[in-house]
Amino acid sequence: MDFIIQNILNALQWGSFYALIALGYTLVYGVLTLINFAHGDIFMVGAYIAFFVASWLLGPVFGLDPTITFVLAIPLTMILTACVGVTLERIAYRPLRRKGAHRLYVVITALMCGLILEYGNLAALGASRKKFPDLLDKVIWDIGGVSVTNLKVLVIFAAIAVFIFLNFIVTKTKIGMAMRGISYDKFAIPLMGIPIDAIIVFTFILGSSFAGLAGLLFAMSYPILEPFMGALIGWKAFIAAVVGGIGDIRGAFYGGFLLGFIEVGVVTVFPSTYRDLFAFTILLAILWMKPTGLFGVAKHTKI
Amino acid sequence: GCGEDKAQTIKIGFNLPLTGDIPEVGEGSKNAAEMYLKDINSAGGLEVGGQKYPLEFIYMDNESKAESATNVALKLIDQEKVVAIIGPNSSKQAVPAGGTCNDNRVPMISPWSTNPSTTLDRPWVFRAAFLDPFQGPVVADFAAKKFNAKTAAVLFDVSNDYSKGLAEIFKASWEAKGLGPVVAFESHGTKDQDFSAQLTTIVAANPDFIFVPDNYNQVALIVRQARDLGYKGPFMGSDAWGTPDLVTLCGEQCYGNYFSTHYAAAGAQGATKVFIDRYQEAYGAVPADYAALTWDSIGMMVEAIKNAGKVYSDPVEMRTAIRDGLAAIKSFDGITGSSKFDAQGDPIKCAVVVKISDTGEFVFEESVCP
Amino acid sequence: MSLLKIDGLTQRFGGLQAVSEFSVEMQGGELMGLIGPNGAGKTTIFNLISGFYQPTEGTITLDGTPTAGLKPHQVTSLGVARTFQNIRLWHDMTVLDNIRIAQHYRMGYTVWDSFLRTKRYRECEKRIENIAFELLEAMSLADYAQELPKNLPYGLQRRVEIARAMSIKPKLLLLDEPAAGLNSSDVEGLIKLVRWIHDNFDITIFMIEHQMKVVTSLCQWIKVIDFGATIAEGTAEDIQSNPAVIKAYLGDDTI
Amino acid sequence: MQKYTFNFVLAASCLLMLAMAQYGLIDNYIQAVFMFVGINIIMSTSLNLVNGNMGEFSCGHAAFMCVGAYVSSVLSVLCFGKLLGGPLLPASMAVFVFPLIIFIGGAVAALAGIIVALPSFKTRGDYLAIITIAVNYMIISAIENMPSIGGSRGFQGMKDTVWAMVDTFNGPWMLLWVILFTVFTVWIIRRFISSTYGKGVNAICQDEIAAEIMSVNTDRMKLVTFMLSSGLAGIAGGLFAHIVGYVNPQSFNILKSTEAMVMVYLGGMGSLSGAVLSAILFTGLMEVLRSQSLIEFILSPVTFVFPDWEPSAGVIKWVLIPLILVLLMQFRPEGIMGNKELSDVFPKLKKYYSFK
Amino acid sequence: MNIPLLEVENLHVKYGNIEALHGISFTVGQGEIVTLIGANGAGKSTTLMAVAQLPPPEAPKIISGDIRFAGQSILGMAPDRVVADLHLVLVPEGRHIFGNLTVEENLKLATYARKGDVNDINRDYKRVYQLFPRLNERKKQRSESLSGGEQQMLAVGRALMSGCKFIMLDEPSMGLAPLLMYDMFRTLKELNEEGMTILLIEQNAHLALKFAHRGYVIDTGEIVAHGPCATLMENPEVKKAYLGG
């Protein structure tokens, strides 16, 4: 029994990261129908920013206490990562959009930007990995054979909070409606008096800053940073977002946790060498039964 | 030829994973090579048959991809006209590149590849590392003795042929001992970061120790997560642990664990110590085993060139001479210990078991010889 | 045997009843009109006939073959062609290609023939091309054969769409608001075109249209529906003076 | 006669290339680069069929390459190798059996293509993209779990077949086969998409609903297209395996698929000549930028400012290539050729070939 | 004479390299209803998009000429500012509704830049639902599944929700049933009487000329005739080309 509960907790933590990253994918997708393949790498950049911010705050100049560092690192990381995301939007995606390029060309550009971030990092910082400093005193609670750390709890709550916040923005506010509207018809947006570029920048700010937050939390949970750390988790988070129903905030959230549960579940039940094979077969089966993901609405073509 | 008068350079190619999955391996190897190169060339070159020839090293990136490794090998051979090649490091690249070198009759030494196929039936291909079938039992024997272990668990990387191979060999040799079963045999993917599901299974099986034949970066995460899940027993590792970065990344949680490797950095003596100190000074880090093995591979290559006794201007002749020179090396004293070579060109050398001390140094524990 | 027989056709979308108990029978050779307020379910009826939706209830029989369970392309190969309320041409392929592709169902060769360029392939391609050219000629579109539809004026695009539907050699042609977006003089042209098609091909036409001028001058019989159900039917004069139709659909034209 | 000019030029240059290889005028490396250009052409043109002509977004093309590579490798080792028991066939037959082996690899890959084709009946766009990615992971994972063909250790021994051919007649056999299969691929794709049958694929791309209602059997078209595309990728895989002499499941991971994707979009969606050109360009760029001295030259202004920085060609290459592509997209947001063919851009070319 | 509300002067625009308008000039006075008529492809929609300052590639690029609103040139103004600050709204050809939003959300989104009293906004909601009761019934429906005519209603309703004072309508009657079409024109007339300025494109030239005060006839990117509607209706050329005999 405790074995199962332990694995549920494992899945919750791992799913939280998928969910946090998938939310960023979905947010940008929900506005531009752009699969921002650079998102996983923005997440990586977020982790590195968190690393530098934390080392700087802990370092000789300030010499802050780790907990205060943690509290300060959250907004700083989010802001700086948002800047990276917005920069990408400005210099790479926007010109293409203005030229009316096919959406897949923007997707390929995003893929390329991701590579530039990865290898640029490798060129600038070298191949050796970075160790993220411990910011929170680790507490391990052992409840009837199940161990939980304070960090795990924090991560899970952060994912839920981010989801609630984003879901509110997207479904309840006018800016959220504008975001959804853009994805359907960019042409008519200015005709409603809506500044389209401002909304898009806002989306990138949201998406990237939460990628930064995810990067910080990830670096605290898995404190080893390397330039390619965002690649695989990024791809998988994208998969999670699609299985949930891309473009839908709930889809990304539940899709992330679903993928976490599938991966952990397969390892728990089957020999772990089959993890990818089984996990992806399950995902394929889900998409087979629900061709537009769990929450995705089939785009109705009125003829 | 008549090139004896001119100071002809000897070109050696390096087929390294500078990008891709394991860029740090490429970087470490390159660093060691640069150091060696500086040594030789600042001394005026390599003395062969009473004359000094400068060395030239050409590094090329194989992106950790099989087809790139063969392309790089061909480019080094055909375009750069190197006389010998060092690398690739991991078996995924070394097996195909070894085939290419063998077909094109160019001597190649892989510093780090432990897959038997790399050199099997390939008279032109050599290596500096011992093979997995040797390392597996070393670990099993040591753990049985040291921890009084009856049960073992294994966590390895399925997509990494090295890790998977070693895990299987270990499992076989552990079970052959008849002390007890391998209670958990779990795997993960190359770029995974979360191992808690596998570790939960392992911890639930309550093994006496966990064998983790994984790269050091994953080790750091695995050990940490295992401790978070309440595992208190020891870990055992393999030569892929042997990077000082392990301690930087893993910290105190790795202290007190053991791994088998090619050499022990702490408490090293003689040439090994000199190498370590100089490397540390130049690059600010203790060299990993692949760096040390690259150094030894170059050493072997240099000895082979000296064995040739003469530098031919025609690369084809020179290659044959080097190959014969390599085959002629019956034993070699390197910084990773001394080795003898068998008919396949594989070294027979001692493995070292190293303990990660309470100050985070790799302390020599025991040497196991075949 | 009648060409088209629809019996008790009902279509629901969730709680919404878009078509209810719609029935019609066409013997062949008619030119029938379907009118009704916006959202009355006209396009839905066309979608049901062409197999794009499967009806919730009711049957559709084409030339004696029930269409239940058939895919749209199978229904089309029974001899039903249609145009769309919003033009749906393949905008990046030439007009000629648009008309060639619509003959897919009677291409007559397999994918292997296309690789090997067999005799059969060449003959079939020749036939397809001939039919396409004849049709373009007949509908005075020959000059535009190599143009991309997106570069053509709206009126011509409508014409190309009708030509594409005709290349199917349909027995039944469904026209969904063919005059929408056309200016007055183009509307005249359209009326002539539809009449010409009706007179020169052995064809039955069923059309939806909001411009009463088009409906009254073309259709021999008109069905009026509202909320998915038939509220009136008859000749143009009958309809125009029917108070229910005036109330639900025609309104008064004082501005 | 004039309309055969192109074919003659093509045949002549291929023969010239083979002759040069035979008499050692171009070395093994250059030959290898040519061969990889050929393989990349097969990969990019076949993916272009799905991503360009049909307008889907398949991100897992390497999976089919993987299937083809493994199937033909295993067959090849069975027939001529000694790893799995003695050779079944005499070495002299290698020349005739080899193309068959490659075709069988392609055929099995085409069958694997059905895994993607079936879901494509119900879903499309980014959902289908995920299915292709999932299939890529699944196939790699499946092979990793098959110890009999090496699992993650990889599989080798295919060179024996190549040697068997060389023993029969000493020549650049692999180069010959790559040339033949590349030409075959382009030829068959060209024939397919220029037929009325194949144009149905473009119709699906531009308006699937109209296609379905205008009598195109969209399900069958998708099945045929996916199978053709993945079958050709399987052929590329078989050739790849025999050139490298070693296959490893991780050689066909998502990165490999990404390369194929980049080539398609670089060339221009739906443009066959674009896909060929971009494969040549991309492979060339990858090889040229291997050179450390070139990279040092390019970066000399930067290293002048930061003398401590030692750029390594391997790393910088992977910054430069994406950068070049990003810039290219800014200037030509529709790829090199857009959706046009070379003969649309230079209509005079039409006189010189009848490739159809 | 006071300055007209909208003045377009010698406007040249291009799509890519193709010039679509060759120097168009016209004016619309405060409170006027003006109509543009012309054949398919004459450049009517192009003109409206240029006035709304929409960006390429869908809309044309302005090469030369001037567009003034209340005497001020609005060239280079952001299209969303045109709506928010000038209360000048375009109902584009082809509806362009946000299909993934519900009918209600579509209407709500149109009030994005509106800085008015809540009561005003509520009054407008009422008016729209009154004019198009269908929309009220379909409030919660995703708008892409609306019928063609219903979508057209939504597009017009949306413009009314934006609190505009100047509305440009591009073929608003396309796909509408006669009853609704007449209703809509009557409402527009009412709005006009309350002070709304209207610039209308309409394929049905009869209707347009009956409805508007003044008209301009466009042919291949140039104005070929203009004047009060009554005069235009008598113009034999116009009669022949656009009134169908």
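We call the chains A, B, C, D and E, going by the order they appear; numbering starts again at 1 in every chain.
We take it that contacts are C-beta pairs under 8 Å (C-beta built on N, C-alpha and C of every residue); 3 or more make two chains touch, one makes a residue touch a chain.
Protein identities per chain, from UniProt: A, D = Inner-membrane translocator; C, E = ABC transporter related protein.
Computed from a predicted structure; not experimentally measured.
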Item checked: Number of hops, subunit C to subunit E, where each hop joins two touching chains -> 1
Notebook entry, point to check: What is the minimum number of touch steps required to go from subunit B to subunit D (Inner-membrane translocator)?
Noted result: 1
Item checked: Chains contacting each of subunit B and subunit C, listed by label -> A, D
Notebook entry, point to check: Out of A-C and A-D, which chain pair has the most contact pairs?
Noted result: A-D
Margin query: Can you tell me which chain lies farthest from subunit E, using the average of the Cα atoms as each chain's centre?
Written below: B
Item checked: Chain located farthest away, centre of subunit C as origin (C-alpha) -> B
Check: For subunit C and subunit D (Inner-membrane translocator), what's the span in angstrom between their mean Cα positions?
Finding: 43
Next item on the list: Averaging only over C-alpha atoms, locate the centres of subunit A (Inner-membrane translocator) and subunit B and give their separation in whole Å.
Entry: 36
Check: Using the average of all C-alpha atoms in each chain as its centre, how far is it in Å between subunit D (Inner-membrane translocator) and subunit E?
Finding: 52
Next item on the list: Enumerate the residues of subunit D (Inner-membrane translocator) that touch no fewer than two other chains.
Entry: 140, 144-145, 209, 213, 312, 315, 318
Check: Touching two or more other chains, which residues of subunit E qualify?
Finding: 145-148
Margin query: Counting only residues that touch at least two other chains, what does the list for subunit A (Inner-membrane translocator) look like?
Written below: 99-100, 119, 122, 273, 275-276, 301, 303
Note to self: Dump the list of chain pairs that touch, please.
What the structure shows: A-B, A-C, A-D, A-E, B-D, C-D, C-E
Checklist line | Contacting residues of subunit E [partner subunit C, same complex] | finding: 37-41, 94, 134, 138, 141, 145-150, 152-153, 171, 174-183, 185-186, 189, 203-207, 210-211, 241-245
Checklist line | subunit C partner contacts - residues on subunit D (Inner-membrane translocator) that touch it in the complex | finding: 188, 191-192, 195-200, 202-203, 206-207, 209-219, 224, 228, 339, 356
Check: Okay, in this complex, where on subunit D (Inner-membrane translocator) does subunit A (Inner-membrane translocator) touch?
Finding: 51, 57, 119, 122-123, 126-127, 129-131, 133-135, 137-138, 140-142, 144-145, 209, 213, 254, 258, 261-262, 265-266, 269, 311-312, 315-316, 318-319, 321-323, 325-326, 329-330, 333-335
Check: If you look only at subunit C, which of its residues touch subunit D (Inner-membrane translocator) in the complex?
Finding: 50-52, 71-73, 76-77, 81-82, 84, 88-93, 97, 100-105, 107, 109-111, 114-115, 117, 121, 125, 128, 164-165, 168
Check: For subunit A (Inner-membrane translocator), which residues count as touching subunit B in their complex?
Finding: 3, 6-7, 10-11, 13-14, 17, 119, 122, 126-129, 131, 138, 140, 142, 147, 149, 218, 222-224, 226, 228-229, 231-233, 263-264, 267-268, 271-273, 275-276
